[in-house]
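The first chain written gets the first letter, and so on, giving A, B and C; residue counts start at 1 in each chain.
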Amino acid sequence: MTHFIQVLIDAVAIGSLYALVALAIGLVFGVMRLINFAQGDYITIGAYSLVVPSAAATPALMFGALPWPAMILCVILTVVVLALVTERLAFRPLRNSDLTSLLISSFAVSYFLQSLILMVHGGRPKTVSIGDALSRAVEIFGVRLPGVQLLTMVVALTLLIVLVLFLKKTPIGIQLRAAAEDFQMARLLGVPANRVIAIAFAISGILGGTISLLVIIQTGTLDIRMGLMPTIFAFFATVIGGMGSLPGAVVGGYIMGILSVLLQAYLPAELRPFRDAGVFSIVILILLVRPQGIFAKTAKERV
Amino acid sequence: MLILKRMFPVIALVVPLIIVVFVIDQFGTGNMQRVSTEALVRLVFAVGLYMFVGNSGILSFGHMTFCAVAAYASAWQTCCSMMKPTIMSGLPAFVRDNTFPLIPSALTSVGLAGAVALVSGLVLMRLSFFSASISTLALLVIMNVVFANWTTVTMGNSTIVGLPVYVTIWGALAATVVVIVLAYLFQNSRWGLMLRATREEEVAAQASGVSLYWSRFIAFTLSGFVAGLAGVLFAHFMGTVSLSNFFLNHTFIIVAMLVIGGMHSLAGVVVGVALISAVTEVLRQAEAGYSIGGLSFAVPPGTQELVLAVTMLLILIFRKDGIMGGKEFRWPWPARSDRLAIEERKVASVQRSS
Amino acid sequence: MSESRKEKLEAIDVHVHFGGVKALNGVNLSLQSGDILGLIGPNGAGKTTMVNVLSGFQMPHPGTVKLNGENVSNLSARKMARAGIGRSFQSARLFPKLTVLENLVIPGLGIGLSRRAATSQARDILDWIGYREDPDRQCDSLPYSDERRISIARALALRPSFALLDEPASGMNEQECDRLMQIITRIPQEFGCGVVLIEHNMHVIMGVCHRIHVLDGGKSLAEGTPDEVKKDPKVLRAYLGEQASRPEAVI
């Protein structure tokens, strides 16, 4: 029983993480039809901003050396600025392109950012330790929880709730949600395109920065590809949730997290390393059965 | 004469390639030959990818899967006869305990890659345009996870060394010419034409009786075979097989070449690969450093990649259809007999309607 | 080239709704080989939806489509095309990077003809509609009226039993319209098929149709010969409001 609760908590923790990235991807997709591969690099760069650029394997801390409120602020700010810059320089000129061109362009931006990190920091993984206190385990109702996981869950759920309130209650949030779900209509109703897209990117930056901190606290390792797999997971989360649907992105994120954790827990030991292959095979099956995703929003092409 | 004219787009690509290879073979340094051979192998893969992506419009991230399958299959058959039972103990006995001759093992490896493409194509081509595209990403990830963890068969992330190196520049060129001809014949065949119609206008294609599923499936499978060929060539050019060569980074480079040259024509593929390979090589040497008159300067490592990414973005923004604009090299002069034929038809139809 | 067997296409009690809107509300229509049936109605009446239903792009829910007595309501667009239902689109939807000739070869390939047969047929149709320009020209550079003629030709290249044409005359001047009317009138005798013609241009409709079916707000309003429909007060009211129930005022 405790094992099951452990699994459940794991699922919620990882699901929340994927839901956050999926929301970032879903927001940007909604306002721009762009699948932002660079989201992974936002996360990576956020993490790397903790240290001073160098080739060392245990580099000196940059933002990581600040007291934690300032550190969080600086990391998130860095990623937000990065997101806005990539929007302005790379994505805005392509705004009305077809889906495939946008996809390729985000691929290019991602490659560019990865190469930049490679150039500045070198390719070897580095260690970084912040938040050591959190590595202690906490015990609740007989279940041992690593502090990090508890933090991840709390932060992720809080952010999700804040975002949902933002999207539902504030005027800007409502505009953003309208634009994300039907961009043309929102524009016709006077919603300013540039501002809304910038806000979407800014939020994806905030989410990216937060996730990078959570990941660093959990793993203590910097790697130029660290944002890649969460982004690919999030990408498929938005697809199975229904592209163009924000609730779908969140639900999709939880589904991916649950699938991942369930496979990890219940696969026989020899098959566990193949967990991700299993997850993605199931994703393909889901797409075959319900290709438009769970909360299908995009209408079929008008004939 | 008619054959010459109809095959001109291919001839216009193959002849310059032959000339360039000849020149490099006769006068080029060993390094230049190596770089050119690698570029040709990359061209084989790019043509394979183009056969699907160019004709269907569906971007595939998954073709490295077929490349990897063939490369590993060839490694299993041809390398490490001493060590195989130890390092790749998971292989079926008749593969593990034997070494196979080069040509048959190349053929079976390409066949295996094609089979994987066929099976995954049966499934993935059922999906709609965009879903199919991103599902190929899932395919790539699945392959990567499986190969990385099935260590008794693939050695996981370690490099398999000791493959016989038999791919020369002329061998790579031969393969390139074969696949270029194949791609050209395909795109002008009934299935290629129908597939291109689906690329342009899915709805109208369906209304014209074209099957999205079958046309995409056939292209996907064929392109899988070609990608497999590239995998075998790559394995026996490098002499090693390493999983890291078959994931997103290398996929991106090829996609960049397709985009820059122009994804919708064979000429675009060849021009893109040739151009980017040349530029990359220049930058690579710049990164290693030049010394001119006692001063040495080098460009920081990583410049290649940055330049590639920026070029690709610029092309997407300013010249979406790439350098060749989706066009082949056409026979430039309409023959006198053609002009005559057009005139004759005009006269005939005027007479008919009066 | 006339068919000796009469084929029949029927829509029986067809309903279609999108979200809250009922696009078609119990429409019945039918036609046979050789008929030219006009489908008219104010904007939003459901004409294109009806054609979508007849060509397999939209499933009636509920309702039935029958081809020669066989229920084809569930067939996909592609299968309908292969069963003999050809259509053109409101926005021509030609394959832009393919040549004019290739655009007409595709349907031939779609119904299973050999490359040579499909090409020969394509050339014949091009001649028949009087297209005398270069057939190897890419379609993205065609003048507008040529585009519309080629899109009709493409529907006909399917050798259909029924050709559904969606506003082929839109945007044409008087001379082009007359040429179009000549083409449409000759379709049944050349291809042996029935034609459904959606149009807003009343001159064209009255000039070529044997019968006209009027839709309004998703419902059938009237059906009859051009003369009958011209004089029908319900029709006039639907188009022009209460004042115009005097027939001379309109068409």
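By definition in this document, contacts are C-beta pairs under 8 Å (C-beta built on N, C-alpha and C of every residue); 3 or more make two chains touch, one makes a residue touch a chain.
In this text, all values refer to a predicted model and were calculated from it rather than measured experimentally.
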Higher-contact pair (C-beta pairs counted), B-C versus A-B: A-B
Centroid-based (C-alpha) most distant chain relative to subunit A: C
Central subunit by CA centre of mass proxy: B
Centroid spacing, where centroids are CA-atom means, of subunit A and subunit C in whole angstrom: 49
Where subunit B and subunit C are represented by their mean Cα positions, the distance between them in whole Å: 43
Interchain centroid distance [CA atoms averaged], subunit A/subunit B, Å: 32
Subunit B residues counted as touching two or more neighbouring chains: 203
Contacts with two or more other chains, residues of subunit C listed in rising order: 57, 89
For subunit A, residues contacting two or more additional chains: 303
Complex contacts: residues of subunit C adjacent to subunit B: 55, 57, 76-78, 81-82, 86-87, 89, 93-98, 102, 105-107, 109-111, 115, 118, 127, 130, 132, 134, 154-155, 157-158
Contacting residues of subunit B [partner subunit C, same complex]: 190, 193-194, 196-197, 200-201, 203-212, 264, 326, 342, 345-346, 348-350, 352-353
Of all residues in subunit A, those that touch subunit B in their complex: 35, 90, 93-94, 97, 99-101, 103-105, 107-109, 111-112, 114-116, 118-119, 228, 232, 235-236, 239, 243, 273-277, 280-281, 283-284, 287-288, 291, 301, 303
Contact set on subunit B toward subunit A in their complex: 57-59, 123-124, 126-128, 130-131, 133-135, 137-139, 141-142, 145-146, 148-150, 202-203, 248-249, 252, 255-256, 259, 300-303, 305-306, 308-310, 312-313, 316-317, 320
